[in-house]
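Shared chain: chain A. Partners: chain B in the first complex, chain C in the second.
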Partner chain A sequence: MTQKTKPRKAPGEGSAVLPVSLLLAVLVPLLLMPLAAVFVFAFRGGFKDFLSALTAEDAQFALRFSLLIAFLTAAVNAVLGTFAAYVLAKYRFPGKKPLTIAVNLPVAIPTVVVGTSLLLLWGPIGLLGKALAPLGFSPMFAPAGVLLAHLFVTFPYMLGAVKPLLDELEVTYEEAAYTLGAGKWQTFRYVILPALRGGLFSGTLLTFAHSLGEFGATVMVSGNLRLRTQTAPLFIFAQFEAGNVEKANAVAAVLAALSFAIFFFLLRWSGPAGGRTQGH
Partner chain B sequence: MGRLGSSSATRSGWPRSLLALLVWGALLLYAVWPWLPGRGRQARPRTIIVYGFSILGDALDRSVLPAFARHWRAETGERVEFVTSFAGSGTITNQLIMGVPAHLALLSLELDAQRLAAAGVIPAGSWKSLPFGGVVNRTPFILLVRPGNPKGIHDFADLGRPGVQVVHPDPLTSGGANWALLAEYGGTARHAAPGHEREAGTAVLRGVWKHVVAQAASARAARTQFENGFGDALVTYEQDAVHGNGDKEKKKKSAPKWEIVYPPSTVLSEHTLVILDKNATAEERPIVRALAAFLWSDEAQKLFVANGFRSVRDELNGANPAFGKIADPFLVADFGGWKKVKKDIVDGIWKGEILPAIGK
Partner chain C sequence: MSIVLDRLSKRFGSQTVVSRVSLEIEDGELFVLLGASGSGKSTVLRLIAGLSVPDSGTIQLRGRDVTDLAPQEREIGFVFQNYSIFRHMSVAENIEFPLKIRRVPAAERTRRREELLDLVGLGGLGGRYAHQLSGGQQQRVALARSLAHKPSVLLLDEPFGALDVKIRGQLRRNLREIQQKLKVTAILVTHDQEEGFELADRVGLMDRGALLEVGHPETLYAKPRTLFGATFLGAGTVLVGRARGNEARLGDLALPIPPEVEHEEGSRVRVLFRPEQVELGTAQPAEGAEAGRHPLGKGEIVEQSFLGALRRLRVRLPPIPGTRQAAPAPYGEEGLLVDVVQPAEEPLPGPEVWVSLRGWHILAPPRPRLLICALPAPAAYPPVLPHLVEAVDAVPILLAVDEDGDEKGTEELRTAVLERAAAGGSGALDGAEVLVRRGDPAAEIGSEQAQSLYDFVVLSGATGPVVGGLLDRLSTALLVLRGDKPTLQRILICTAVGEPGKADVRVGGWLARRLGAEVTLLHVNVRIGGLGGPPEPWVQSHLDRGVATLRALEVKSRSTIRRARTPAEGILAEAAEGQYDLIVMGRHAPRRGPLFGAKSADITLRILAGTKTSMLIVPADE
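So, the complex of A and B:
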C-alpha cells in the first residue's frame, strides 16, 4: 500500500502520511466516533450522575450477571471446545466432515434464531421442555437458559483458536511420548496442552468477550427479567428504549471499557505466561 | 488468532502474569459477590413476577409496587421483592404464551388477554371477574408534535397532509399501536355522515399510514425515537406524554421536546390485568391476589393518576392538572369490543386494504 514513494519525499516518512490519514478519515467516523459518543453521553451529566446510574441495583446486577455468565461460558467452552478440537483433529471417523461443519455452525446462524430454537426445544411449550417441566426442570427464562444460549453461540471460538494449532502439531512429538511410555492423558497433559497455550488463551478470551456482549439469543431465552436474568446488553437496550439514555450509557461505557481491556489482554499479554493465568 | 500466542517475543515474566491473575481474580470476585454463600439474605423475601406493557415501567417499579410492598410488610411482616419486565403488549403476550413465569401481567388491550385465553395460559374470560372487568387504568390517545406545533397538527386527519412525518408504534407488537389505529379510525368515523363511517375512517387511516416514517416495537420505544428527533408527530398514550414531560423537570437544562395535541375525538385505552394462576404455587396465590386487589385500591389508583394514567374512577382524575380535555372521548365498546375491532378495523381495513395499497 505504501509503495507509491514520490521522489521528492523521504521514502520512509512521506509515503505513510497519505494512506494513514486516509485510513483515519475512514475509521474515525466509522469506529472511533460512535464509541466516543457513548462515553460523552455517559459522562454528560457529570461524574456523579454517571456513578449513581452505575451503582443502581439493576445496573449492578446486570453487570455482575453478565460477567458471571461470561466466566462460566468461558470455563465450560474452554474445556468443551478443546475436547472437540482434539477429537476432530486427531481421530478419523465416518461423518467427520459434517460434524466439523456442524460444530462451526453457531458462527453462521443469526443469534436470534439460536434463541428461538433453544426456546422451541427447552421452553415450556418446547419439544423437550414440555416433558421436563413437570420434573421441575425448565431452563428457559432462567439463568440456566442464558448460559445455554451463550455456550451455543460461543462454541466455535475455542475450536477456531485451538484446532489449527492441533492440526499443525507434529505427530512425531506425540509418537515420541508414546514410545517413551507416556499414556494418552500424560501425552495430552505434557506434550499437547503446552503447545496449545496460546490458542487456549486467545480462545477463552474471545469466548469471554463475546459472551459479555451477547444480545440476540439472550433476549429470546432470558425473559428479560430485571434482577434475575437481565444481562448488561439487555439492560442497555431496555433502558435506552425506555428513554433513560444516561442509565443505558453508563453501563454501555463500562461494557465498552471492559471489551477494550480484554482485547488489550488479547493483543499484549498473549504470551505463554499470560496463558497460565487463565488456569481454570 | 491461534498464532498470537506462539510468538515468544511477548513472553512475559512473573510480575506481569501475577498482575493479570489479580485483575481477573478481582473481576471474578466482583461477578460472584452477590451469590457468595456468606452473604445469604436473612429471610428470603417473597417474590412476585410482574410483566407489563411498555409505558407502565416507571409507575409500577417506582410507585405502585413499592407501595404494595410497604403494605404487605406492615400487615404480615414479610418482605416482598418484585421481578419485573416491560415491553410491547404483544411481545409480553407472546412471552407469556411461550411460558415466562409471570404471576401477573398488565396488558395494554383486552385482545391480548383473549389471545392468552385461547392459548390456554389463563381461563377464558377470567379477567372479567376482576373489578372493572379487569381494567386497571386508562389513558386517551393523543398526538405529540414539535414545540410550537410548526406543522399545525390538530387532529389525526392532519397527519395525512403532505410533508408530515409520523412516528408510530408497530401494531404487530404494540398494544398501544392497536389503540392508535382505533383512535385514528374511530375519531373520524364517529362524526361522519350516517352510512359513510367506514369510508371516512379508512381515508384518515390511509393518510396517517402513508406518512409513517418509523415504527417501533412498543409505544415507549416510539417515544424514544420521537425524542431523538424522528418525525413531526407521534401517536401515543397521553400518559407517556404527560409523564415524560414531568420526567424532564429533573434535567433542568433541556427544554420541552414536544407539545401535546388533544384530538377532538379519541379513544380511551383500557389496560387489562390478567392473573396467571398456573405460574403460582398454592402458597404464592394469596399474595398475588392481594397485589391484584391492591391495584384498584384508593392508594394505587391515586399513584397511577400521579404517574399520568387516568383512574377507572373518574372522581380521582382531578388530581393531575396535566390531563387535557377531550371533547368526545370514546371506548372500544362503542365499536363493538376488541374482537370486532381487530377483525374489522385492524385486520380488515389496516392490514387488508391500507398496507397493500401503500405498499408497506
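So, the complex of A and C:
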C-alpha cells in the first residue's frame, strides 16, 4: 500500500472545537443565560436587599412551606412508590397492565388538569368533598390539598426509579434468603431493600425536586392563599405579577440553588463512581 | 432416612410438572436427579426446599413431615444455578447471613465463616464482592453460604451449569469431597449424564414429571428398565422382537429372557445393547454361542467418527423379519441401525461387516396405559378406579369427551376433570395426563385409541349405545366400570361365547393376579329344545386348561358349567347368584358378515343391560 490516503477518523477522534462551539451557541441563550439571570437579578440590588427580600415574612413562609411539602411528599411517595413497584414487579394479577399505565399517567397529564380534577373531586361541591365536608375535612384551599396534589403529580418518579431494579432482581435472591432462614420481612430489609438503595435515593431526590418546583396543580388546589397555602413557586409568580421583581428573584434564586444541589447529589450517586453501579 | 418423598405431584395450570414422585434418600447420600430440561427435576428440588407447594403428596426430612412448613423452617441449604450471592454484601457477610438471622454471636460467626472459606478453598477472600469473583469462586461462595447453618439436607440446582467444562470437573471433585467430609445428605439436579455418573451414589432418572428409574449409576447404565433410561444414559441400540417361550426372538437370533423380566408369550420384547457390547468382524462368526457371542447379521458401515481414544461406528443391517428398531430413532430408515464403539487404534474393518453381540439387556415391559373416560364429562370417577390403577401399575390418561359441544371451555373442562380425579383421595390419578375431545363419545374414544394405542380403555357412566358403538370400533380390552364397590374381588370369566377364548382367560387372569381376586370360569351348556344332555367332553378339558393357566398365574380359581337356553341367560343367572364384581367376556373381531355379525356385541349388551356388574370385554386372539 503505497497510495497515500488521508487517515480516516472515527467520530470522537477529530477536533472538538467546531461541534462544541455550535452546541454552545445554541445552549447559551436557551439554557445557560436564563439560569444565570436568576442569580444576576436576585443580587442586582446588592446582598443586603437580597437578604431583606428573603427574610420577609411571606417569603419565609413560602420557602418553609414548600420545603415541608416537599419533605412530606418525598417521604410518603418513597414508601408508597416502593410498595407499588414491589407489587407491580412481583405479583401477577388481572388488570396489572392497565394499572401499570395508570400509575405512570401523572407525568403525562398537564398539571393544571390534575389540579382541576382534584378540585372537582375534593372541592366543596366535589364527589368526595361533599361527603367529607360535614366531617370537617375539606382539603382544598388548605395545606392538605397541596400535599394531595404533590403526591399525585410526583407519584411516578419513585416508581420509575425503583421498578426497573426490582424487575432485574431475580426471584432467586429472595428464595435464597428464605432457604437461609430469613423471614419475609428480614428478606425485604436485608436483601431487597439494599439492592434497591440506588433507586430509592434517586427516586426520593427526584420526587423532592419536582415537589419543590410544582406549580400548575398547586395553583389550582391551594387558592394561592398568602401565609396559608402559598408555596415558593406561587410566591414568585404572585410577587412578579405585583411588580416586586426583587422579592420574586430572591426566592427564585434560593429555589434554583436548592435544585442545583439536588441534581449535584443525583449525578454523584448515579454516576460511574456512585453506589448504584457497584456489583455490576 | 434423610429425605422421604411420598407420591409428590405438582401442576402448573393444567400442566403436570411432577407426577407421583416417591423417593427415599439415605443419610449422607449424594443423590443425583437426572433429566432433560422440562422433566420436572428442578421442581422436585423446589418442592423439597418449600419454594413451591405440592398439590399432593408428602415430604419428610429427617423423619419430620415438612410438607406444610415454610422454607425457613426446613433447615435446608440450597445452591441456585445463578448462585444468587447478595451483591451488596461481601463474601464474608454472605456466608454469615444465615448465622446472623439465627442470632449467632459475632465471634462464633467469624470462626464458622473462616472454617467454611477454608473448606471451599477461598481463604482470605472474605472481603471481596460478587463482582470481583470468577464464576467458579461465586459457586464456592454459594456452597459455603448454603452450608453455614449446618443444614441437614443440601439441595443443588444445576450448580455447574454456568461454568466452562474444565472448571466444572474440578468443582465436581471438590463438591464430592466436601459432601463426604461433612456427611451431609445432598440432592443434585443436572441434565448432564456424565456429571450424574461421576458424582452420584445413586441416580434418579426423570422424564415428563415422572421418576422413571432409581439406581446405582453402573446398574442404571447396564440394566435400565425403560426405553428412556436406555437411551438417555448413553448410546445404544434397542430392537423390539417377540417373546417365544423364554427367549426373545430377533429374526433368527434367540436371546434368553432372564426370569426376573416379566413377559407374556408372543408379546413385544425390547432388547438393548450398548455400543461396546457389539463386535464387528470380517468373517461370519461361527454358529451358536461361541464364547458368548451372538451373531446378529451382516451389514455395512454408514457412519464413523473419531473421538480420541475411541471410534464410533454406525452399521446398517438389512431388515430382520419380526424385528423393529426403537433406538436410535429409525427416521426414514428401512434397515436396522446399530451403534458400535471400538478403540480408535483398531483398524477400521471393510464396508461390509458381520455384527455380533457380546452382551445385551432386556428392558422391562412397559407399564400398561389406561385410557380412562367417565361419561358425561366431567363426571366423578368410580371408587374402584384408583385401586385398579395402583394394582396394575398403570399409566392413567384421563379423556374427557364433551358431548354438548362448546358449553365449557377446554381449560375449564380439564380443570374440572382434574378436580374429579383428585376427589378420589388416594392420589392414584394425580398428575394424570388429561385429554379433551368434543363429539360423540364412542367415536372420540375410538379415534383416540386408534391414535395412541392404549392397553385398556376404561369407561364409567356409559350407556348401552356408547358401549355398543365402542365394541364396533375398539380392538383393545374395554373395561366398563359400574357401581361403587371399592375393590374387584370376585371375577367371572365367561368362556361361553363361541370357542372358549384364550385371551379372556389370559387377560382376566392377569388382572385377577394384580388385584388379588378370585376367578370363576364359566361355561354355559346350551339346551336345545328343552333337552338337557351332558356337556361335550371338550368343554371340560377347555375349562381344565383354563384353570391350569390361571393356576400358573397364581390366581385362585374354579370352574363351573351351567345349563341355559341361551349363553346370555346362563351368564346372567350365574352373575345373579355369584355376586361377582367383574364379568370378563371374550369378543371376536367387530362385525364382519351378516350371518355372525353383531352376535358378540349383542350378548355383551344384553349382559350389560341385565346386570349392574362391571364388565371387561377382551378381544379374541387373532
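By our rule, the second predicted complex is superposed on the first by the 254 of 280 C-alpha atoms of A that agree within 3 Å, B and C clash if a C-alpha of one lies under 4 Å from a C-alpha of the other, contacts with A are read in each partner's own complex, and residues count from 1 in each chain.
As a convention for this text, a residue touches a chain if its C-beta (ideal position, glycine included) is under 8 Å from a C-beta of that chain, and two chains touch if they have at least 3 such contacts.
Since we're looking at a predicted model, the values are computed, not measured.
Undergrad: Looking at the combined model built on chain A, do chain B and chain C fit side by side or clash?
TA: With chain A as the common anchor, chain B and chain C both fit in the superposed model.
Undergrad: Looking at the overlay, does A:Ser138 come into contact with chain B only (first), chain C only (second), both, or neither?
TA: In the superposition, A:Ser138 touches chain B alone.
Undergrad: Go through the superposed model and pick first if A:Pro194 touches only chain B, second if only chain C, both, or neither.
TA: second
Undergrad: Please state, to the nearest 10 degrees, the angle that the Cα centres of chain B and chain C subtend at the Cα centre of chain A after superposition.
TA: For this superposition the angle at chain A equals 140 degrees.
Undergrad: Under the stated touch criterion, which partner chain does A:Tyr173 make contact with: chain B (first), chain C (second), both, or neither?
TA: So A:Tyr173 only meets chain C here.
Undergrad: Chain B or chain C: which reaches more residues on chain A?
TA: B
Undergrad: If you stack the two complexes on chain A, which partner ends up touching A:Gln186: first (chain B), second (chain C), both, or neither?
TA: A:Gln186 contacts chain C only, not chain B.
Undergrad: Rounded to the nearest Å, state the minimum C-alpha distance from chain B to chain C in the superposed three-chain model.
TA: 10
Undergrad: Go through chain A and flag every residue that touches chain B in one model and chain C in the other.
TA: On chain A, the residues that contact chain B in one structure and chain C in the other are 197, 278.
Undergrad: Any idea which chain A residues touch chain B in the complex?
TA: Spelled out, the residues of chain A in touch with chain B are 45, 61, 64-65, 67-68, 70-71, 119, 123-125, 129, 133, 138, 140-141, 160-162, 164-165, 197-203, 206, 223-228, 238, 240-243, 265-278.
Undergrad: So in the complex, which bits of chain A are touching chain C?
TA: The contact residues of chain A facing chain C are 170, 172-173, 175-183, 186, 190-191, 194-195, 197, 278-280.
Undergrad: Could you pull out which chain B residues touch chain A in their complex?
TA: Those in contact with chain A are residues 1-8, 10-14, 16-17, 20-21, 24, 27-28, 30-35, 49, 54, 57-58, 61, 81, 83-87, 95, 97-101, 217-218, 220-221, 223-224, 227, 244, 247, 251.
Undergrad: Note which residues of chain C are touching chain A in the complex, please.
TA: Interface residues on the chain C side: 49-51, 70-72, 74, 76-78, 80-82, 84, 86-89, 97-98, 101-102, 129-131, 145-146, 148-149, 155.
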